[in-house]
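Two complexes are shown next, each including chain A; its partner changes from chain B in the first to chain C in the second.
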Partner chain A sequence: MEDSSKFERYVYKNASVYHYMKISLVLEKENRNISDAQFKQLIISGVKDLYGEIGASFPFDLLKFDPKELTGILRVYNSGLVKLWSALTLLGSYQNEACAFRVTQVSPFLLALSGNSRELQFGDRAQVALRR
Partner chain B sequence: MSPELEKCPRNLLVCEKSNFLNEKSRHDIHVSKHSFNYKTSVLIPECGILPANISSAFSSFSPYYLVRDLPVYELLEETFLESLVKKGHFYALSYNTKIDEDNSIALLSSGQFILSLNKDTYEQLGLEGRPSQYNHRKALRFVVTLDLTDKSLAPGTKRYQRVLSSLKDRLPLKYDFLFTKYNTGSDEDEVLHALLSRYTYKEHKPVFSQHILKNIQCPTLYPSDIQGKTLSCDPHRFLEWLGAVNLDINCENAADSFLSTYVCPEPQSSISQAVVCSVTGFISPENVFVLLQELRKYFDEPKFTPWLSLTVHGFMDSPVSWGTSEHGFLKGGENFYNFVCFKNQDYWLHMATGAQDACPP
Partner chain C sequence: MVRFKSRYLLCELCVSEPSSLHLFEDKVVYQALRGAVNRAHGDYGAAIFNITLGVLVKYLNAHTGVVLIRCRKAHYRLVWSSLPFITFLENRGQKVRCFFNCIHVGGTIRTSQKFLIKYNRQQLQRMLLDCKTDAEKQDVRKAILSCSLNLIKGEETDGSDDDGDEEDT
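Entry: the complex of A and B
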């Protein structure tokens, strides 16, 4: 028999196992076709370059990829966040072409990535909209 | 590898379970205290068409205004103060001001006027405040909180004159503002329009969007097991799944897939369809409360699904999250809450914040 009217409250501190990152890739030449696998491989190579084979041996997921906008959502274990983020920051080239990763949003909650108030832009006098 | 590299900013998740019909339930207080809401989204499993009452609750969300280059002192002008500010149900937040870089101004419905200022602005303005709770080593951010309903700040008093002259003459601050109000009378509306007409402004209606998901896996939730020990899935996994559904992320990946190994959390069940709809803009807590009341009525008739969910996202750059608790942006400014409403009027309330936030109430 469920005791349905009982009040319960739990506070979880740092209980989120993963962090989630919304990122976008900016290339010098805008019209490149990059597949989701190539995108992920590029990030892996960046992490390996910075931290070596052992340092790069943490998994991360490319949860979503938009090939038109070159944006993606990554999921990484907390212990790998700093390494992944630093590798993205320092990644400078893709197939001998200059590129840069922009980290749009980072959160321990994936749900927070669906409601970023910094995306609230208005038509007139809008800044260059941050790409999803 | 240094252990420092493996550290992450602190995050908090509060999970509360109660029943809407319980007298002591604080769901109304939690909703009303979360003043600045950017996005409200609803997920109803086993539903193909949004019910009429919920649809109309969405369409009845109040419009909001974007005012450009509004001098901050205008919010303290006597007529404005007496009509809109003191009567309540009026909210203002500076727009496009980043809480970790710029000055940010907020006016709550309770009459609390909050200025989150960087050091230079604070020193030049000369108003009494306190250092931010989230300063690192040096005090680089200060928060000035003024209770505009307090007698000592009534128009005509010395303190009021001092505050007004600081904002008008000593350091005239001007920002773009978002305004919204709820069910104010015609007098208040007149005063608001008198103010708006002196500046560049535009009225906006919150933007509604909806999509239907087909043949998906959905977590199983039982009201008695909020911690996700046996019957329900873990709260963090549930919120992750909600995020996945809202962001259109594939939840059926193989465990050895190169790209993603994300799957719907266990326990789960298959559902044929679900409706996900959302509204974005500058949304008042009163609108959210009306929506919540309508969502509770969904179970007045028998339905296939035992639960539905309502998520409300706060503004990343608001100086406060719940009530007047200071909010900051370290690597993220998340402050959202999520209701799971069950058939028997039980509910779960998840409240999540990031590093620079007090524990949700």
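Entry: the complex of A and C
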């Protein structure tokens, strides 16, 4: 009974004004050096192609970028999420080279992106199995 | 019954020289509109432009510069917002600087026409103030009188009243 009292559950009724997206860029040729500015420019040009100058006029930020893995975390207002996501999906080339964006995770909370349940490793169980 | 609902944008074409209005055709306006929507709203806008019952120039009056554009009700904002970005129209190699002044957004052609008649009547009264010579004043007064008389008489002579308006403006 004591254990159950330790368990706390948080329910957010009013979700955040932002959405955070964890995305990765897949290029045809693996070894390419892309800076963070180029990465964001690629996304902006994609949004502009699909939604034009007026449609692309919503703010979004590249919070974190890993040039080795070509992954990044985007922060966008809820109103622009659908536009950004669809533009990422339809983006198909970078400097005449086929590319694709993979959206790994989307969440209204940045903390949720720190752990991915799909890559979860059961450390304790693995140790227990080793001992036996 | 299910039907496609439309919005009708009633616009005024403003040019510096009224004589250049005769160059315009509905095809020219359509092309300019398509270019503007494409630039302002990208591929998404272009797709909405080309769907069934997308955008169509329903009516263009080369004398008064009145344009009626039909578009889907759900997406009329896309066309509406790209109207200010048209700065010139091009016909047979001739560029004419102009801008669109959207004066009414209506649900049917009927309401748009009604508004246009009312609007032109108001314009006549504004013209009276700008008149320089007495002859001009007399003409405008006569025009105002004719359309106000029709208003009192009723709806039968509505058509002739409309024509009278447009010749004067």
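The definition used in the following text is that the second predicted complex is superposed on the first by the 106 of 132 C-alpha atoms of A that agree within 3 Å, B and C clash if a C-alpha of one lies under 4 Å from a C-alpha of the other, contacts with A are read in each partner's own complex, and residues count from 1 in each chain.
In this text, a residue touches a chain if its C-beta (ideal position, glycine included) is under 8 Å from a C-beta of that chain, and two chains touch if they have at least 3 such contacts.
Quick caveat: nothing in here was measured; it's all calculated off a predicted structure.
With both structures placed on the common chain, the touch criterion links A:P67 to neither chain B nor chain C. Using the contact criterion defined above for the overlaid structures, shared-chain residue A:K48 touches chain C, although it does not reach chain B. After overlaying the two complexes on the shared chain, residue contacts for A:N14 are found with chain B alone; chain C is out of touch.
A count of residues in chain A touched by chain B and by chain C gives the higher number to B.
Within the superposed three-chain model, A:G115 lies in touch with chain B and out of touch with chain C [touch as defined at top].
Within the superposed three-chain model, A:Q105 lies in touch with chain B and out of touch with chain C [touch as defined at top]. Applying the stated contact rule after C-alpha superposition, one finds that A:A56 touches chain C and leaves chain B untouched.
Where the contact sets of chain A with chain B and with chain C meet, they give residues 51, 55. Against chain A, the residues of chain B that register as touching in their complex are 1, 5-19, 21-22, 24, 38-39, 41, 66, 68, 95-96, 98, 202, 204, 222-224, 226-227, 235-236, 239-240, 242-244, 246-250, 258-262, 280-282, 311, 313-317, 331-334, 336, 338, 344, 346, 352, 354, 359. Within the complex formed with chain B, the chain A residues making contact are 2-20, 36-37, 40, 51, 55, 59, 61-65, 73, 75, 78-83, 105-118, 120, 122, 124-125, 127.
In the complex of the two chains, the chain C residues touching chain A come out as 38-45, 81-82.
If you check the complex, the residues on chain A that touch chain C are 48-56.
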